[in-house]
Amino acid sequence: MSIFIDQNTKVCVQGITGKEGSFWTKHMIELGTQVLCGVTPGKEGQFIEGKPVYNSVKAAVEHHGIDASMLFVPPRLTKDAVMEALDAGIKKIVTIADGIPLHDMVLIRQAAKEHNAFVVGGNTSGVISPKLAMMGSFPHWIERVYKKGNIGVMTRSGSLTNEVTAMIVEAGYGVSTLIGVGGDPVPGTRFAEFLPLYEADKETEAIVIIGELGGTMEEEVADAIKEGILTKPLVAFLGGRTAPKGQKMGHAGAIISGGKGSVEDKITALTEVGALVAERPRLVGKLLEKLNVAKK
Amino acid sequence: MSIFIDQNTKVCVQGITGKEGSFWTKHMIELGTQVLCGVTPGKEGQFIEGKPVYNSVKAAVEHHGIDASMLFVPPRLTKDAVMEALDAGIKKIVTIADGIPLHDMVLIRQAAKEHNAFVVGGNTSGVISPKLAMMGSFPHWIERVYKKGNIGVMTRSGSLTNEVTAMIVEAGYGVSTLIGVGGDPVPGTRFAEFLPLYEADKETEAIVIIGELGGTMEEEVADAIKEGILTKPLVAFLGGRTAPKGQKMGHAGAIISGGKGSVEDKITALTEVGALVAERPRLVGKLLEKLNVAKK
Amino acid sequence: MKLYEYQAKDVFKEAGITIPNSVLIEKPEEIENALAKVGTPCVVKSQVLSGGRGKAGLVKFTKTEAEAKSEVIRLFNHDLKIKKIMIEEAVNIEKEIYVSITVDPYLGKGLLIVSAEGGIDIETLAVTQPEKIIKEPIDLRYGLMPFQASRIAYSLNQPKVVTKALIKLFLNLYKVFRKYDAELVEINPLFITKDLEVVAGDGKLMIDDNSMFRQSEFDKIQTDYKTVAEFEAAEEGIPFIQFDGDIGLMCAGAGLTTTVYDLIHYEGGTIANYLEFGGPHYKKAVKAMEICLKVPSKVILIVTFGTIARADVMAEGIVDAIQRLKPDRPIVTCIRGTNELEAVKILKAAGLEPLFDTEEAVRTAVRIAQGGSQ
Amino acid sequence: MKLYEYQAKDVFKEAGITIPNSVLIEKPEEIENALAKVGTPCVVKSQVLSGGRGKAGLVKFTKTEAEAKSEVIRLFNHDLKIKKIMIEEAVNIEKEIYVSITVDPYLGKGLLIVSAEGGIDIETLAVTQPEKIIKEPIDLRYGLMPFQASRIAYSLNQPKVVTKALIKLFLNLYKVFRKYDAELVEINPLFITKDLEVVAGDGKLMIDDNSMFRQSEFDKIQTDYKTVAEFEAAEEGIPFIQFDGDIGLMCAGAGLTTTVYDLIHYEGGTIANYLEFGGPHYKKAVKAMEICLKVPSKVILIVTFGTIARADVMAEGIVDAIQRLKPDRPIVTCIRGTNELEAVKILKAAGLEPLFDTEEAVRTAVRIAQGGSQ
C-alpha cells in the first residue's frame, strides 16, 4: 500500500518530449508506474518510451482516463500547465520545476484548492512509493535510498532527503511513500495536508518529516498531532539549527520572519506533542527504533 | 411560508444612507422585514430608521449575525459591494442596480457560485414575500399588486411584473414569493436555479414566470420540468412575441442570437412539458384557473 | 456601443494584432494619396456600423486605381451619408478563419469562439454545422489561459508558424475583450495569407454600454444614426427604435414596453417608435416626449408601472412636457406604480384623462391612430 | 531582488503614490544643486540595500545647508562605498503609519499589513502588540478589492480626506505588488502630514527572483555587494553567503547545504562561505569553484546527493574545475545520487579520493581546516 500514487494510478507526463521529461519517464515506467501518455503541444503523433504524445491534457484524459499528471515543464510555464491539468479534471499533479514565480504559485495553490486537487511541488523531486510507482525525478534504482518499507516520509528538500532516507535504510527501515512538498515558500500542498492520508494508510507505521528553518509547516504538523489527526509516531530532522539569524540560505522559505520559524521553535512545537527530533540525519533511524517502530 | 426571505431573515442594507436606500429601508421595515442595520463606508455611528450604520459589512455581521444583504449601491460599485457581502459570509444578496458592467456581472456570478451564495439581480426590483418581508424596491402597499397568496412568481422585468401580478390578483390569486432575477444578460441567479426552492415550499402551489424574448432562461425552466425538478403547475407570460427580429429592444438580454431565444422557441419548449403560456397579462389568471390552482 | 471597423482595427493594432495596411479617407479627393500608400488591388470599405456591408455593396474589392476611384465616389454619394472610407491593401489569402470573444449568458463566462470556416455567415454555420464551431469558456478570474489558446490553435491543423501566431492572436484578442469591457470582439474573416501571416480582415468591437464610464477613450456617440430622434435618444442613453407606424410609444420598463408593443399589434395597431424612459431615465419625460414628437405619429401612448421610477414623478414630468412642448397630437396615459394615486391627481389636474388599465390604454391609442376619438 | 529606495520610489510615483520631493546625487559637489531644488531642512539618505539605515547613521535629518553638505561628504567617504545619496525634502509629519503587501506562505494568499504605529520596528510590534497590526488576506484572483482597502482605511480613524487617500494608496500599492511580482512592497513610515497629505517616507520593493525574467525594467544585479565573490555569485544567480571561517562549502541543495553547515558546527569547524550549486546550477562547477577560491578558506568541502542534478555530471564538472583552476587548497568531495558509481570512477580517475558519507566528509574537512591531514 501507499498514498497518493501506486501501480494503479494512471499517469500522463506534461513536457514528456523534453530532455528531463523523456529521461524520467523512462525511469518512472521502469519502476512500474502506469505512464499512459504524454503531452507536449505540437508533438501530437510522436511516441516517447512507446507512449503516445498529445497536444493537450484534455486529449490525454479523453483517450486514457488519466488520474495524475507529472509535469516536466519549465518554471515560467508551470502555472499554465497546472491550470490545464486542473481544467481537464486531474486531481493529482506533481511539478518538479525549480524557480516558479511566487505569484504564480499563489494562484496555483488557490486554483488547486478550488478544484479539490493536490498539487505537489514545485522545487521538489516529486512523490515515490518505492517498488510501486513514482512521479518525479528520483534515482529509484539506488537501493540504499529507495527501499520499500513502512515509513512515510515528507520533505521540503531534495538532496537532504536522499541523505536522510539513506540513513533510514541504513538503520534497517524502508519507505512507504515519500512526498517532497518542495522548497518554495508557497508549496502546492503543505505537510499537514497529507497527514490524513498517511494516517489512513495501513502500511505506514511511522512518519519522518525532513524540515528546515523558516515557515511554519513543521509547527502545523505539531498542531495536527495535537488535534489527533495524526496518531502514528513521528520523527523529524530539521536543517539550519546553527544558521545565522536573518540570513537567507538558499530557499526563500528559510527566512526567519517575525521571530517565528526558527529551528528551536519547531523543536519545541514537535517535542511538546511527543514527536522526536534528530540532531543529525544518522540519528533518524535510532529515534524510530526508540519509538519501537517495527523494521519491515 | 415563503422562499428566500421571510420575517425571520436578518437583513442589512448596503448603501442605506443614500436617497433610495433610506426610502426603501423604511418600506422594507414597514412590511415587517427584519432590517437590523445598514452599511455605508464613512457613516458609522449614524442611524437610519432607527438602525445603526456601519463602515463595513464585516462589522454588520459581527454585531447582528446577518443572513442577507440588500444593496442600494450604484452599478459601478456593485461588484465591490457584492464581493464585500460574500467575503463577510452572507449567502443571500439582492442588488437592484440598473447598469452593472457586463464583465463585473460575470465575475459576480462566478464569485457567488464559488461561495455557494445567491445573488439576485441586478436590474430588478428584488424579492418580496407579501405581508412577510421584502428585499428591494416594491411599492408593497399597493394591495392590487402585492397580495399574499400561493403563486410563486419569477420575472426578468420590473414594470411588466407589476402589470402581471396585478392581473393575478384581479383573478383572485396572491403571491407567495416574487423573485425578480433582473433584466441583465447575465443575472446573478437564473430562473431554474430557484425552482428547487419553490418546489420545496409548501405554500407555493403554482409558479408564474414572466419572461421575454432573448436568452434561454425560460427554456431552462422547461428542462427542469422535464427532469422532474419542478412538478408544480406553471404558467408563463412572455413579452416580445411581435418584436422585429434582430432588434435590440431595451434589455441587452433581448437580442435574438443564433436563431435561439425567440418567444416562439420558448412557447414550444414550455408547452411541450405541460406548462401554459398566456398571450396577454390578463390571461395569466385564467390559465391558473384552468390548471385548477386553488385561490387562497 | 459599436465601434467602426477603423476604430476596432486601431485597437487591435495597439494590442499586437496584425492588420492590413490602410488609409482612412473622408473626401473623394483623398483617394489619390491613399492609393499611393496602399496600392492596387485594394479594398474600398465604407465605415458604417451596420452588418452585412459586403452584401449591401458597401465593401468592394477593386483591381485598378480607376475602379477604386469610381467606387469611392459612388460610396461618398450613397444614401447612407458615409463619412469615412477605408482604403485597405488586398491581402493574399490562403484561408479565412472566424474568431470572436463574447460573454455566454448561460454559462456566465467569457466565450472564445473559433471556426476554421471563416468569412461566411457564422450564425448559419452555428445552426447547420455546429460541430465546426469551437467554443471555449473563459473564467474571467484567471483570464484566457495560454493552454486554452494553444489547444484551439493546434486543433486547426495549421503550419507551426501559423499556430504560434494564432495562439498569440487569441491571447491578444482576449486582452482587448477585457480592456475594453467588450460585449463582443470579433474578427471575421481572419486571414491566413499565402506567406503564412495571420491578419485581421475585419474588426468588430462592441463595448458594453454599462461600462462606458470607464471607457473614456471613445466618444459615447457614433454618428451613424438615421434620424435626429435616434441621435438625440442615443445622446441621452434612452433606448429608442424608430419604425414607420402610427403610435409613438413612451413607456417605462423594457418588458412592459415590449408587452405594450405586442398588445398594439394584437389590436391591429402599428408602431411609430419604441422609447423607454424607465429606470435611470424616469425623470426625463420632457426629453423623451421631445424625441417622440420628432417622429411622425398619430398618437403618443405612455404606459408605466414603476417602483423606483415613481408614478408621481413621471406624471409631473409628463405634465411639464405637455406644458412646455405643447404636443400637436393626442397623448394617452396609463401611469401606475409607486404613488399611483398622486399620479392620477397630477394628471387630472393638468386636464388629462388618465387611464389605469394597460389593455384599455392600448385600445384607446389604436382607436385614435385609426381616426377614432380619444 | 531588492531595489534601492530611489528605485522603489520611482515605481511608487508612477503608480500614483505621493513621494516627497527629492534629488539623487552621485558626487558631493551635486549637493548644491540638490539643495537649491529641495531646500532645508532636508533628509540625507544613503542608497544602500541593507535595512536599519537610520540606526546605522546612514540616514540623517539636517536643518541647514552646511549640515547637509558635511553629512553628504561624510557618507560618500563611508566604508560602505555608497554610490548614490538621496536628498529629500523634510515632511511636516503629523503621524506615521506602516503599510506593506507580501505573500503569506501559510494562507497561500497575498497579505496587506497595516499598522497605525508606523516608523518603528514592526517585527517587535508583531510580537509585543499583535492586535495593533491589521492583516488582510488578498485573493490574487480578484485582487485587493476596494471594500478591503476601505474597511482598513476607515478603521484607522483619520479625517475623511486622509481616509480617501489611504484607500487609493492601498489599491495603488497592490498594483505595484502585482505588476512587479513583489515578494514584499513596503512603506515604512507612511507619513500623514499636517496638511493631511499621505506621503511615502520610505520605499522598499523586493522583486521575486523567480520572476525576474518578466521584470525586464531593472538590472538583475544591484551593485551593493561587499565582495567580488558575492557579486559574481549574484551575477550567476548562485546562492552564496560569505563568512569568515575556514571551510568553503560548495554543496548542492539548500537543505543539504544547511545541514552540512550545521554538522560542521557540531564538529567544531567554522564556515568560510555558503555556496549552493545545485538545481539549475549543477553544471556550473567551474564557476562555483572559481567563486569559492576567491574566498579565504583552508579547505573546500563539496557535498551533493542529487537526482536531476546528476552525480556524474557534477563529478565531471569538479574534475574540470580542478584541472582548469588548479586550486591552492585541499578539496574534499562526497558526491552521491543519480549515477553515483560513475561519479566515483570519474573522481578517482582524476586522482581524487571521493568520500561517500556526509559526516565522514565533514569530519575530514574540519580536520584539514584545523591543520590535520587529508
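Worth pointing out:
Read from first to last, the chains carry the letters A, B, C and D; within each, the first residue is number 1.
FYI, a contact is a pair of C-beta atoms (placed from the backbone, for glycine too) under 8 Å apart; a residue touches a chain by one contact, two chains touch by 3 or more.
All values derive from a computational prediction rather than experimental measurement.
Shared contact partners of subunit A and subunit D are C.
The chain pair with more C-beta contacts between its two chains, of B-D and B-C, is B-C. Averaged C-alpha coordinates give centres for subunit C and subunit D that are 55 Å from one another. Centre to centre, using the average C-alpha position, subunit A and subunit B are separated by 49 Å. Taking each chain's centre as the mean of its C-alpha atoms, subunit B lies 28 Å from subunit C. Multi-chain contact residues, meaning those touching two or more other chains, occur in subunit B at positions 107.
The set of subunit D residues touching two or more other chains comprises 141-142.
Taken as a contact graph, the chains fit none of the simple arrangements: neither line, ring, star nor complete graph. By the document's touch criterion, interfaces exist between A-C, A-D, B-C, B-D, C-D. Within the complex, the subunit B residues that touch subunit D are 41-42, 44, 55-58, 77, 80-81, 83-84, 87, 107, 111. Taken in their complex, subunit D has these residues touching subunit A: 103, 105-106, 108-110, 123, 126-127, 139-141, 178, 181, 183, 208-211, 213-214, 239, 241, 243, 251-259, 261-263, 265-266, 274, 276, 278-280, 304-309, 336-340, 358-359. Residues 20, 75-76, 96, 98-104, 106-107, 109-110, 113, 123, 125, 136-139, 142, 155-163, 166, 183, 185-186, 190, 210, 212-213, 215-216, 220, 239-244, 247-254, 257-259, 279-282 of subunit A are the ones that touch subunit D when the two sit in their complex.
Residue ranges on subunit C touching subunit D, taken from their complex, read 141-142.
Only residues 142, 145-148, 150-151, 154-155, 160, 163 of subunit C touch subunit A when the two sit together in their complex.
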